[in-house]
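Chains here go by letter, A, B, C and D, matching the order in which they are written, and residues are numbered from 1 within each.
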């Protein structure tokens, strides 16, 4: 079930609330789906920054004791996702907290910087010492190197040098800064609680703390929040807006509003559209839980075919499942999902999932459902084929590993052993999102990358192949 | 969300398989919903028993290293649930492993012994020393005290002295014994994998390891499994059969078959029957996830009213959520569930849950749904009012805390602030279970306890009140 | 350097002091040399007993937090030493705390019960379940089985059934009992602090808490301490007094008084006597630190030969030294002791140690000193050859492993490569202890065991060999 | 007993041995007395550096598992001592390991850089980010900033900018560099084992691994060790030689040779000289163990007065002793040392210690010895009064806290309550060290600092006071 795209990170901050660290803890809790490898919180009491962080889930890392140490009325936090080899290093958990010429600062970053390697080399030649293997460290070095007089101007200096995706929170002793990159890849919204400003990757975190949603931070916008209130700036040249459409497809929590719409609602619309694009005679619509549920409900509603939970998810599947040794059966998706034979037996089943990455999971699911007695298994995917890797903050396999990059839909169907396979068209996907023209990054579906990549890196990534 | 009845424990064992401990680990994984406080595995290599156990989830307790220590081709395991004060003592985690006159033995017990106190006093007067505060220790003491010559006859001696509920696995160096009490309160089934016999609380654990389901262990049956195969005995006097009906209502996993039927199927039938018993004009059927989903689907199907996931569950809610301090809002169910305003706004909503215990959670949910914009909130419960505590292995509050023990349905409705409230009737519940007459314990709904309780204890428990 | 006899355990208790657990912690600290494998404290607040225990050193096991949990004005503690395979099981750490018919009790035991196996078998046949592999558990079972009406009479019942060595503390909710076996193998003394009675293995623990030494508990004496004060009983038949002479040779701390004399003083006298028994022309007397220091000082004083610390001990040698792999030199005593070439070079050296067990360490030391430049190395041992194992609470190798059980002094000298070797005679040893006739157990030197052993066990232990 | 000067750190490295990490582990073990707060090892396999480090003792930090991860035939290690507030941060444990333009490098540093603050400010203004609060990080930043082409030339560049004391090991993928500052404050010696070069703070670590001592690294010398052998350079301007005389007085292990002589030998000579400078009629010479032992032996030998261990040290005193609450007696030195009344009673005692820092410990010791029955207590100190703090790698209190900075010997005697007090004269101290003229730093005794300090810092440190 690792056979999915994965989001990289969620951020949450609040300025001017006596329970700042507690509320950031809750915010990270609500954003846990955006990263489960580690989490951290940095607070400011106006004079100094304090940090607590660790590997694992928010609920494992934080205790009453360590939250109590995070004194002060401002705090930012970060949930980390990563598949890189050094993911298990606590040094790589954000926020990054440093001391520099102007004092202290902490940074929490959701996104990915595409020119990390080049700038890092330059800084190292200059004598800078990097202490982590996360691209976000670039930002703190560039801020430290800037000769500007204030943190915010240094941050602008720094971000003018980087390319890529960033929804960014910066905390100093005196202020909290929120910045969304000019393309607006990743979401970031503004809320308010008891007069304190809140910044969050998704609105579901505002809901939990009962903060009021105010508005999204705009692409290219920088907000500076301090004791005098909030100020908004647009310090970067304008760029083509390109919000990540996969947030709607899979990443964001269904109860969140992002980019102006509710995620669950959009997903259900995808399912309806999918039913119109790829109808099939069948007895039962079954979602791949939990992400396939809204689209499956939409498909069922539109098609009039009965919906049921034919696959049951084990909610206790943790990160550390021990695969038994080779000489007993191979597990994988079985650990997470079990079919309900009583529902599936003798039925023509439509299996609805949000995407196919390598195809291996889909193949196991189709076989599992068929083994449980289904007469026919029709696979329906509520997004277009994913043909290209992402460089803006999503963890995707290389192009070669994406089954749709080198196989036709019919070939994929044969591989999964489904009786039929239908993907939602890109046109169909865009049609259910209001005001979607020219607003979204769809590179993972069509290779139309909003930020050009150096040619040698492209070739190395296999983007010119085939 | 602790406002539910809770199951006490799951058991799983296998005899005659080279991967015994690995497979028990997987079995416990699949039975994790039956107990999350701790788990243990004891294995036998024919000469000695080895144990590994701990507090927490199966995936946290076991690692490749400690499973590898559990040598041998036979093993039994146990998932523990408990709300008693000493739940955090690893001594109380089962299986209990002891040395006694005949060698070593380990016991894994799902159920509750109603005459624990009396027999414990007797044994202590005799000189026995108890090392845990779990009733299951009674069984090992009684086996140790029996003068019979074999483990199985000692086990029969011992169990003839105890009253209550027990689905029990016993492992010695040479054999595995499975026993279900004469009333058959808790489930226990028999399966087979690669020629090895498997015993499990539920079939979902057989599915995960791809074992074949053979049959349920009968009430009062004892099976002895050793290198010569399996033998079945009925050593106890016959008793009124009284399987726990709440396994169908809430405890068992929907994909399991227990007492001869699929759980998900029965729950959906409950929802259908509920729709016929308590119809209402509305726009949307919304389940309280995850346990309310099958009944809500049934209700929606029967009523023709649209189904949707109007409450989104945070899947990362752990056991250790830290409630922030008093001066920010009280959390509780909000941490676990968030309403989807986009779906609920302006709608007349039917909220389907499996049961109401204290009523506090239902009240919060109704208010949450209404605050998210619902015009009306109609509460529908897929089981009868729970008026009496359980003494056969379910963790229930005292009678006084059960809202239905002292309030009418209308009073409960007013407390929850719902616009209407409908419970499935006991007749209705029994009608959807095949062959259900005289077979189930329904004490929690009507106080009809299959095993009489000493009078003073009854009064102390408030069973004669009102 | 494991090549020594090792003491088994120290005990310490106090009754009637508001800082009871804190003071027991300090007492165990001072008695740490008697056992480093684990430690525990049980306290009583008059109503219930509480326990904290763990593996490792006292300073690692106890913290302000867990000591604070040990409420009440009475407490007993135990330092554990053991070389048995299960030494690393925290279950085996004392005090043992149980619930039984009369309430709760805790036991801390220094010594060894010689009929453990036989009585354990009997109790198990009876139905008792043992939870540890320490002989001290026998005592709690026998107390639980006694039908007497009070704890103290039950304790007498119990101890009348056991044979061997025990300096024992028992704590119940209401009283603390101290008992020394009729032979008086192990030391136990009584002190007083701020009106509270203290029981301790050695006086050095009284010194640390500034308690006043009152007297030794007599062989066969039982003292019962409760809110009414202290009462003394002699409930056991009189036996031949046989205090462990090795406490003087090696075990006890030099600053302690035991069996009526100061340990350091006796050791120095041994050295003087040794100088008279085994004089040799030499330039330097060098102790094997730290245990050989007092005897070496005595030897130097008597002989007029210069004393110096020619071997330096690394004080940070812990229990967990990792021996590097086979292909680099073998370590062992080198890790603990390093010779000072500047002192030893060209000298005729007298090396003074307290005993020789297997001889391997002595051999390494002689070679080490010679390699550091010594012209001659004369080994002098401040006790007689150790020819027999101990069964009364000392961890000794089997008879076969004791080099002196099967080799003459000249053979041992050749093995150690020393130029000469002299042991203190048993007569000489006894002559320096005041009032020593008929008072001490000297079995390890001459096989004169005060408590007869069943014949088969003797033969199995090799006591009849050669 | 914290009332001493404390050494800051030991270093150990080896190049070209298949057991490199294992041997560094042993080396750190032997150098444990130079720092007990933490330790680390970095190894190189020719291609990459690996690190393992932690807080606590060497034997607690390292296990077979983590040593096994330190692959390669070169390794350096470090024992850390520190009293600063952030001592408990594992980030501050050395070696420091960084990536920079030329690859990776690790640094292990014994000493103290006097211009740390000024250069750090400069580097931060430049954009450098410091990640620890140890002065040694300065060196890695300066190496990273150097534009020279090789590690060794960069190291020279870097060290030309710093002032103070440094015995330094640097490890890269390909070579090990050892450097001693031009003043030669801290020791550093060269050894050889099986053809591999070894660098160590003291010779006792060479002894443990059975390496051969070759020579001391000279003040201002840099040795570069790689597969081609060893090369020696003197890249720095010559400076006044000023080895730390306190290494002889207290820090170094008695079995080590440093600055060309054996430590134990020198200490004994100090005791002899002390006996000549401050004779007194008495019955017993008693050392404050363990550091006072050699001088006490010298005093006894010279004076002909009997020597004995009148104070017994508890060898299990750890770093984490929990001082019991205020309402029982104050502990302190009692936890570590206990007097032997039997030896002291009625005697005129000469108590020999190596130094007096604040005087509080001496006062407690004098009182303790007198309370144990001594008729007279004469304090003799084997070094001159310590009047000035150290800035070259020794942890000393501020000038105000040094009792000798503001009190006469007679005032100190009165404070300690001794009957007489005699310090070894500086002249006397120097007289027992061969070739000592103009070679040692004696600043802590006479304020003659070899490296000038900026004036404002001096005044802030109270050096101009009184």
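Just so we're on the same page, a residue touches a chain if its C-beta (ideal position, glycine included) is under 8 Å from a C-beta of that chain, and two chains touch if they have at least 3 such contacts.
Everything numeric in this text was worked out from a predicted model, so none of it was measured.
Engineer: Starting at chain B, figure out the least number of steps needed to reach chain D through touching chains.
Structural biologist: Step count on the best path from chain B to chain D: 2.
Engineer: Starting from the mean Cα coordinates of chain C and chain D, work out the distance between those two points in Å.
Structural biologist: Chain C and chain D have C-alpha centres separated by 36 Å.
Engineer: For chain A and chain C, let me know how many angstrom lie between their CA-based centres, rounded off.
Structural biologist: Spacing between the chain centres: roughly 63 Å.
Engineer: How big is the gap, in whole Å, between where the Cα atoms of chain A centre and where those of chain D centre?
Structural biologist: It comes to 52 Å between the two C-alpha centres.
Engineer: Specify, in ascending order, the residues of chain C that touch 2 or more different other chains.
Structural biologist: none
Engineer: Quick one: label the inter-chain contact graph as line, ring, star, complete or other.
Structural biologist: ring
Engineer: In their shared complex, at which residues does chain A touch chain D?
Structural biologist: Against chain D, chain A makes touches at 98-101, 124-131, 140-141, 144-146.
Engineer: Name, in rising order, each residue of chain B that touches chain A in their complex.
Structural biologist: Interface residues on the chain B side: 18-19, 22-23, 25-26, 29-30, 32-33, 36, 57-60, 62-64, 67, 204, 207-210, 253-255, 257, 262, 264-265, 268, 290, 293-294, 297, 301, 306-309, 312, 314-322, 324-325, 327-329, 331, 334-335, 338-343.
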